[in-house]
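Next come two complexes built around chain A: one with chain B, the other with chain C.
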Partner chain A sequence: MLSVEGLTIAADGVELVHDVSFAIAPGERVGLIGESGSGKSLTALSLMGLLPEGVTASGTARLRDRDLVGVPESRMKDLRGSELAMVFQEPMTALNPLMRVSTQVAEVMTLHGVPRDKARARAAELLGPVRLPRPEQVARAYPHQLSGGQRQRVMLAIALANGPGLLICDEPTTALDVTVQKQMLDLIAEVAPALLFITHDLAVVASVCERVLVMYGGRVVESGPIREVFTRPRHRYTEGLLAASRLTPRGTRLPTIAGSVPAAGTFPGGCEFRNRCPHADTTCEQPPALTGEGHAHACWHPADRG
Partner chain B sequence: MPTHAGTPLIEASGLTRVYHRPRTSLTRPGEAVHALRGVSLTVRKGERYGIVGESGSGKSTLLRLLCALDRPTAGSIRFDGREIAGLPERRLRFLRQSLQIVFQDPMSSLDPRMRVRDLVAEPLVALGEPVGDRVTELLDAVGLPASAAGRYPHQFSGGQRQRIAIARALAPRPEVLVADEPVSALDVSVRGQILNLLADLVDELGLTLVFVSHDLSVVRHVCETVAVMNDGEIVETGAVDDVWAEPRHAYTRTLLRAVPTLEGFR
Partner chain C sequence: MILYLLKRLGVFVASTAVAGVLVFAFMAVLPGDPAEVALGVNATPEAVAALRAEFGTDRPAVTQFADWFGGLVTGDFGTSYVTSAPIGPQIAERLNVTVALVLGGMVIALLIAVPAGTFAAVHHRNPVGAAISAASQVGIAVPAFLAGILLVFVFAVKAQALPSGGYVPIADDPAEWLRSLLLPWLSLGLVQGAVLTRYVRSAVLDVMRDDYLRTARAKGRGRMGALWRHGLRNASVPVVTVLGLQLATLLIGAVVVERVFVIPGLGDLLLNGVAGRDLLLVQGVVMVLVAAVLLINFLVDVAYAALDPRLRGAR
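== the complex of A and B ==
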């Protein structure tokens, strides 16, 4: 479905994402996890052709048989919203406050050549499958009349309107309450044709995805089936992240990762994680390659050798 | 550990807060919103008290009342035996000294035009107390170098900013630290650092902690007592471990089930 090869993103000569490669099969749900500054959102935006001014991507990304990187905007705008679609974190800023919900859902279809009357009729139908209560009423509403969870469902309906082959979700539930989040995650897992799910929350990714890519400092440092990566992490960063995510009962110390994520362009050379890694030595001044079939990692001193 | 043994420090009873929506008709008043419906709670000296709830549950309103940043429509709040509900600001000096707050977003709670030195010293200046070497001492306590004093908030990462906010809250040597979602805006790898720091400080300084979060698993790590809020009421309260293991109220069970975990991956 999607195959990304050697994706590199740079701004003003500073490389922000280095040589990222991965593939997503039809129906597969892949998580992309990392903390702020890891390059995960940039990776997603580059696939959508939505990189900010002055930020450029190189390498290849193909969805079915169409190129996504290095393609002029005139071509991208035909693909965006039809072949691939994205749901963003903040549903209030992603929806137009002056347009009724039905008009916004219909718009994405008319933009891609569906006749106006047909699009309008279909818009109301699309709100049912995303489990909006009383869809006819929601269709006539303005975004401010809806709750955060309802707005995010509308965003999902818009994303799915043209039957895309790939759905990208960037922290779609971070702004939602936990009970609403759970419903939304179940829904996304159910309706996504093929999914790239971006989040910083390991537990969230574990409940939605089958495979996971861990990013740090603009590189994929580990990838593989969720169960393998989360039970037997190899990269020291993944190991630390998992340990820090497991909240223990009171009175115990939480394992932490020393320091904080450096600003873009200030990561150390070689292994990007070496200035925070307890196992780093001089070998780590050379960049480790992402190696391994299925469950791959880029670390000179991987955990859990046995 | 002084569990429940302490004397009551904050006692709230029958707290009600009704807001009025702006009127939409000339003839009728605006719709009333019952943000709190008769909430009572007791926080004892030295206790770590967690308040859990989703948006709209009333936890923020409750917090504002406990910190005397808002007045209840009905009910009373006693702090160390003194009634604070409805007191004018000039008579709340003792509370401003004994109770300090750390907010969720350290970017918006720290004035971007003030240097860290002035930010941390501000509560002391406001109370008319001498600053002296207190800033260096506080920065050291939260794990920041003394050189941080001359810099501005934007020069720090999210976790470091939250450390600055904690240092400032501790400046007037408060008895009670109120933390409103202090780690929700932080990356996972930094969250642990801040939670460990809070635990250390609460232990060393013998603080009473009121910790508000939407995440029951964070509260379980930090607190010994928890109150679960829903729709303006406390629906369940008790020792965290009991509530965690055997939630009695249907809402608590829903909340627990909804929290995504890594439990299946060991």
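== the complex of A and C ==
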């Protein structure tokens, strides 16, 4: 379905994402996790052709047989909303406050060739499958009359309206209440054709995805099936991340990763994680390659080799 | 929606009434008795008293106010103490001219500001956008009367293409009417357009950072398409506020431009009234100007409701 090969993203000569490669099979749900600044959102935006001004991507990304990187805007615009769709983090501001929900849902269909009256009729129908109660009423509403969870469902309905091959979700539940989060995650897992799910929340990724990519410093440092990666992490960063998220017995210190994420462009050469890694030595001055079939890692001193 | 409009209408009516009291009270406390002014220093007390009775200025202030304000509602502004001519028709005639002047100036300002401001916002990173910003800065620094004099110099004196002043009523000759108003419109419009350009630019820049624009692009719109369909209406909310303030400024500023171009508008009438100590005329014109500003504020509120459902309290 989606294959990304050597994706590199740079702004003003500073590389923010280096040589990212991965693939998503039809129907597969893949998580992309990492801290803020790890390059996960940029990776997603580059696939949509929505990078901010002054930020450029190189490498290749193909969805079915269509190129996504280095393609002129006029071609990308036809793919967005039809072949691939995206749900963003902030449901409160992602909808136009001055436009009725039905108009905003219909818009994504008229933009891709559905006649206006047909799109309008379909708009309310699309709100049912994303489990919005009283779809007709929601369709007539303005965004400010809906809750955050309802708006995010509307966003999901918009994303799915044209039956895209790939759905990208960028922290879609971070701004929602915990109870609403769970329903939303179940819904996404159920309706997504193929999913790239971006989050910093390990529990969320575990509940939605089958496979996970761990990003640090603009690089994929580990990838593999969720169960594998979460029970036997290889990269020292993944290990630290999992340790920090585990519940610890009363009275013991919460394990943390030493230091903090460096600013873009100030990561150390070689392994990006070596200045925070307790196992780093001189070998780590050479950049490790992402190796291994299935469960891959980019680390000179992987965790599960003792 | 209807409740909101009724509320705003109530505010408009109430504030106009309060303004009427203030205008009347202000004129009443000014020294100078119209009857004494009219008859001169050698008049006998009996003649002054007789004239006061004729003018009605011997009555209690409250009665006078009720009489005057009651008349306003029906369009009766009273009769001038100086010229004995009814004031209402004079104001109506002059108001037409001033409204044409101000609205024309505003239209030109909008025609300049919306495209230029939007363009400057979209291209804010490159030299063209910066040049527009700089040019609007210069425009702000130029007062309308100076722009008027420069325009007269270029188009009337040098090119001899347009009249340097004077006014032809539209009923007499529509083409000449247009020609007589073109330079005054430009001198008001260029300056206001420069001011407005900056507001449009910053409003569009704000909107360009909004998430729903990214949503629109994710749906398959291009950068400009998203801005056109989703951005401009959102950007127009703050611009309407400025527009209302500018209209009020233009109305008052028209006084100066009417002088430069010898246009018989409301400002011209006001200055004549002041010069001729025509108290009731001045009172009437000031009241009309104040009411016009209040009306503009009301219309701005209506425009908000039309633009933004959140302000309507829609269900």
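Worth pointing out:
Basically, the second predicted complex is superposed on the first by the 303 of 306 C-alpha atoms of A that agree within 3 Å, B and C clash if a C-alpha of one lies under 4 Å from a C-alpha of the other, contacts with A are read in each partner's own complex, and residues count from 1 in each chain.
The rule we apply is simple: a contact is a pair of C-beta atoms (placed from the backbone, for glycine too) under 8 Å apart; a residue touches a chain by one contact, two chains touch by 3 or more.
Predicted, not measured: the structure shown is a model, and the values here were computed from it.
In the superposition on chain A, A:44 contacts neither chain B nor chain C. After overlaying the two complexes on the shared chain, residue contacts for A:17 are found with neither chain B nor chain C. By the touch criterion defined above, A:157 reaches neither chain B nor chain C.
Once chain A of one complex is fitted onto chain A of the other, the partner contacts of A:82 are limited to chain C, with no touch recorded for chain B. Of the two partner chains, neither chain B nor chain C is touched by A:123.
In the superposition on chain A, A:144 contacts chain C only, with no contact to chain B. When the two structures are aligned on the shared chain, A:90 is found in touch with chain C, with no touch to chain B. The residues of chain A shared by its contacts with chain B and with chain C come to none at all. Residues of chain C touching chain A in their complex: 125, 210-212, 214-223, 229-230, 233-234, 307-310, 314-315.
Taken together, the chain B residues at the contact with chain A in this complex read 1, 48, 54-55, 157-160, 187-193, 195-196, 199, 214-215, 217-218, 220-224, 240-241, 254-255, 257-262, 264-266.
Touching chain C in their complex are the following residues of chain A: 48, 50, 53-54, 73-74, 77-82, 85-86, 88, 90, 93-99, 107-108, 111-112, 142, 144-145, 155, 158-159. On chain A, the positions that touch chain B within their shared complex are 35-36, 148, 177-182, 185, 200-204, 206-207, 226-227, 230-231, 240-242, 244-257, 260-261.
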